[in-house]
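Two complexes are shown next, each including subunit A; its partner changes from subunit B in the first to subunit C in the second.
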Partner chain A sequence: MSVSSLALAQTLLNGALLGCLFGSIALGLSVKWGHLGVADFFHLSLTLLGAYLTYSLVTELLWDPFLTLAVTVPAFFVVGVGVQYLFHLIDAQPFTTLLITFALFIVTESVVSMIWSPDLLNLRPLLADGFTTSIRLPDPLPRLAVQPIDLVALVCAALMVGLATYALRSTRAGRAVQAMRQDAAIAETLGVRVLPLTLAVSGLAAATAAVAGMVVSLRMPLTPTLPLQWIGVVVVATMLGGLGRPLGALVAAVVLMMIQNAWSLWFPPQWAPAVTFGVLFLFLALQPLTRLARERITSGRTA
Partner chain B sequence: MNDLRDLALWRQFAAVAGCAVVAVVAVPAFGSDFVIAFGFQFVTWIVLALSWGLFSGNTGYASFGHGVFFGIGTYAAAAVFRHSDAPFVVALLVAGLAAGALALVVGLAVFASSRFSGDLFGLITLAMAFIVVTVVSNVAFLDGGTGVFVREHVVGSWAGSSTRHLFVIAVGLAVLTAGVAIATSSTRWGAALRSIRDDEQVAESLGVPTYRYKVLTFVVSAALAGLAGAPQAIYLGYVEVGAVFSLNIPLLVIMMTILGGITRWWGPLIGAASVVILREALLDLGSPELSQIILGGALVVVIALLPHGVSGAIPRRWGTRRRTPALEGGAR
Partner chain C sequence: MSLLRCRGVTKRFGGVKALSEVDLEVAAGEIVGLVGPNGSGKTTLLSTIAGSLPVTAGTIEFDGRDITRASAHRRAHAGIARTFQVPRPLGSFTVEENVATASMFGRHATGRAAALDRARDVLKAVGLAAHAGHAVDSLTLHERKFLEIARAVALDPALILLDEVLGGLNPSEAALGMELIASLRERGMAVIYIEHNVRAVSTLADRMYVLNQGQNLADGTPADVLNDPRVIEAYLGGPVDA
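This part shows the complex of A and B:
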């Protein structure tokens, strides 16, 4: 079956932009998993909750979608701090935190379908035309088009991931987080205040879910089971990108979605979810080989 | 194996077998249809909780894939009923073998590297769930997206004629699972598994073949869950991907085991009883969402307050309240 290069380019572009959305969801997960040791399913639920809150504020109070961030971001920051404080109180092991966030994941699904009903809710018909009319790309690529919402996703992802990467690498607090990740006890001895720092990191990670949730509500129809559709891409992107590396997760999410979309051009699209996990298992299977290659190279250098 | 000459062990086996005989005789004879159906579900949950505890409780490798093994058993049995006239025993064996084979493949791959322990193992088993769901809902031989009607294929058979018979089968599986669980509680096998939970590297350096034990136990645990899937297929009558592979199943199984405690083999029994009764009580609320919320909330509370579960809170010898530090290493 032949596919025109235009269709392929458009598919890849759509995949890359959708990947930006997943990358901004993966951001919070990557930071919490990598730096706090919490593999947080609940982060996906928070994103869903953010999307539904945006939907309600826009449809019922007629707020501008961007204005809703003024409410959801601080609220989610508090939630993130609260959950992390609970983990601190019960002195939770990584596995315990995984279980608790898994339980919260399931609870949130039910809470959402109780409050907003399990039916599809679509914000798009209510949006101004500026949000929904496709934009053609400028001259060199005149036949490709993008959705304005996808551009919003791109900007949000670039902003949040850029800020997070900069903060982790170059600020004092970010370096303290890195130190804490390597050895919390020693970091504490050297003056890193671990508890406030973990609470703040968790709060900020949760706050990014509010932004991602806003993009979600603009981008796709909402159902309570959406996180189950995201979980594959988001978790795999987090792992492929390297835990605790937001930029890696974003790149991995973009690549994954491009692969998944391209797959759907040639093969039955209903198999696309399995592609993501196929890539993960391929990556895991290649681990010993990459390690072998790396050891070869380094031993050659030292010899 | 010298451990199997231990008298206390045989006493436990005898107690389990005695309870099972009483259940098999009394429940179908005196119980109403509701009691029998309830009993069947209860016993199935016991099988799932005990078999999850067998691997995940003993080794500390928490698997989110137990629902998948159960579901594969259900689908394997359904496929046997639909495509052949084979008797129930064949479906049962195929169900167990299918689940065990998947666990063997996954286990051989995942346990080969020590990186995939802890939460990473949990997520890999979860990923396995999503792949299996995609495969089952796209392969017409198993399901293909429409669901499978099992009831019409088993009408004439012994197992399909009455829930009483299913109950008897489930009790048999529960006895089998409890037997394996008891065996792990005091044999070398169980001690090896618990040494993996406490410190895998030390265990390995002392000569415990951890890889072999992990793969073997993972397969046994999965196969037991798969066996339980076969009567479940008949009980459900209509098998459908969304219900069979629901994420609630691993959640409930984990909840039962954590609630009951993993430091004794019978912990999951208590957990299964509590959760099943709680779920039954929540049915009266008339809102599946609300009961889901309460169950999930209960799990969070249980994990926070009783990290060792109910059985872990009971002192090991009645009367001595002393808790040695060695016992503290339990639930993770």
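This part shows the complex of A and C:
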């Protein structure tokens, strides 16, 4: 393999692994947006909070980063349930939920700045070498390097997305969620307990932010404005992957980050985010055409 | 003993009183027709019984239990099923999956495989067996209306609320629909049946209730109700001279 092709392969691999992290964040957003109709910007803030809480528990109490999940996952589940219950109490319409979660998104950034300071906080220097030292892929694979932390992101994304996809497709609760997504009033008349189901889905989606936040704290320096850097990729991946489709969101995030990273090899990196939105623009522009083609094919079958 | 007993059911939408102290009773296995002019509150009453709309005042008892404040899913589990005037199938599910959803989460909740088996049985009974694996988009209007009935039947209810299931159907489709409704009674279900076609209701119903402007106007056997001068006036605006 030539040097340039090796560099390209390494860049694509790095992009794919970073995409796994963004896919983990997009998972919760995709589930809440697709199945509950809540475009939840607060989910990004929860991920940030998860990262900062992990940082504090590791640095202050010297906990193992993975052990922090025993605290953050249940806590975020409760927060997710609480926010969804609030929406239920005020009978919030989709636009209202958008405004509320966006307000929480802004407030959380300020609260994090006040509690942890706006300065960069970095967990990496405190981590064992085994976490941070790059390892080479074994022969006969190409001579590419990966960081163990990125493998953690890969495993977490695969586990969470795999479980969510299985649950939605193959379990009784998943069928209830799908029925509720299509028409909550009809689902209720068919015996689906809609309120407890929405609370559980919201809680579980929020709990995934705790896991993604833990990975973030291991992967990158923390600053309260991180969600603003993520929002483009996460929202676009959620939409490209299909709302409510965790696997789609993960694949979209991986592809987007591979494209962004490859772009940065040849073009100014500051233009890389434009690629993300360019892909979204193309997707939205072509969507009516693909829908038309699908309808023609479908009507051809039924004719 | 009555299976369903509504007492003084009132429903307000802001300043509009859609239902005003409506009383209604249904016995087990009985077909009750509910008729009235447009806007008389028939569908609103059905929605309050099914739990889709909360009542403003009054009480609803089902099978001896007060269900006035019970949610729609609790009423489905108690044995109340409903159809909608405009069919509302779950669009991304196939025909049999729509029906199986009712079996999976309804009164006698089952696993997915058993629910699909039951769905196929119910679809066979309503004449939709050939469409079991089809997308709901491929169904005609009368098939969609029958799918609504199939989904309700799959809940295994004691009371089924039918909202204009024959509306928009041609005479032969409507005849099939009437046979289907009669078969519900044979399955031991009580039926409240809203229909604009008073003649069709009177053919099937054991008793009829007439609503006018959200209030009880008349009730009794179809013959008594159809000859009641108040009913004639409500429908025709006054007595018809020979």
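Everything that follows uses one rule, which is that the second predicted complex is superposed on the first by the 289 of 303 C-alpha atoms of A that agree within 3 Å, B and C clash if a C-alpha of one lies under 4 Å from a C-alpha of the other, contacts with A are read in each partner's own complex, and residues count from 1 in each chain.
What we mean here is this: a contact is a pair of C-beta atoms (placed from the backbone, for glycine too) under 8 Å apart; a residue touches a chain by one contact, two chains touch by 3 or more.
Being a predicted model, the structure only gives us computed values, none of them experimental.
By the touch criterion stated above, A:L99 is placed in contact with subunit B alone, subunit C being left untouched.
In the superposition on chain A, contact is made by A:M114 with subunit B only, not with subunit C. Of the two partner chains placed by the overlay, only subunit C lies in contact with A:R172; subunit B stays clear of it. In the superposition on chain A, contact of A:D183 is made with subunit C only, not with subunit B.
Touch criterion met: A:G191 reaches subunit C, while subunit B stays clear of it. By the document's definition of touching, neither partner reaches A:F283: not subunit B, not subunit C. With both structures placed on the common chain, the touch criterion links A:Y85 to neither subunit B nor subunit C. More residues of subunit A are touched by B (comparison of subunit B with subunit C). When the two structures are aligned on the shared chain, A:W63 is found in touch with neither subunit B nor subunit C. Shared contact residues of subunit A, touching subunit B in one structure and subunit C in the other, are absent.
Residues 60, 62, 64, 109, 113, 115-116, 118-120, 122-123, 126-127, 130-131, 134-135, 137-138, 247-248, 251, 254-255, 258, 287-290, 292-293, 296-297, 299-300, 303-304, 307, 332 of subunit B are the ones touching subunit A in the complex. Across the complex, subunit A meets subunit C through its residues 172, 175-176, 178-179, 182-183, 185-195, 298, 302. Per the touch definition, subunit A reaches subunit B in the complex via residues 33, 39, 86, 89-90, 92-96, 98-100, 102-104, 106-107, 109-111, 113-114, 228, 231-232, 235-236, 239, 268, 270-271, 273-274, 277, 280-281, 284-285, 287-288.
Interface of subunit C with subunit A (complex): residues 50-52, 71-73, 76-77, 81-82, 84, 88, 90-93, 101-102, 104-107, 109, 111-112, 135, 137-138, 151, 155.
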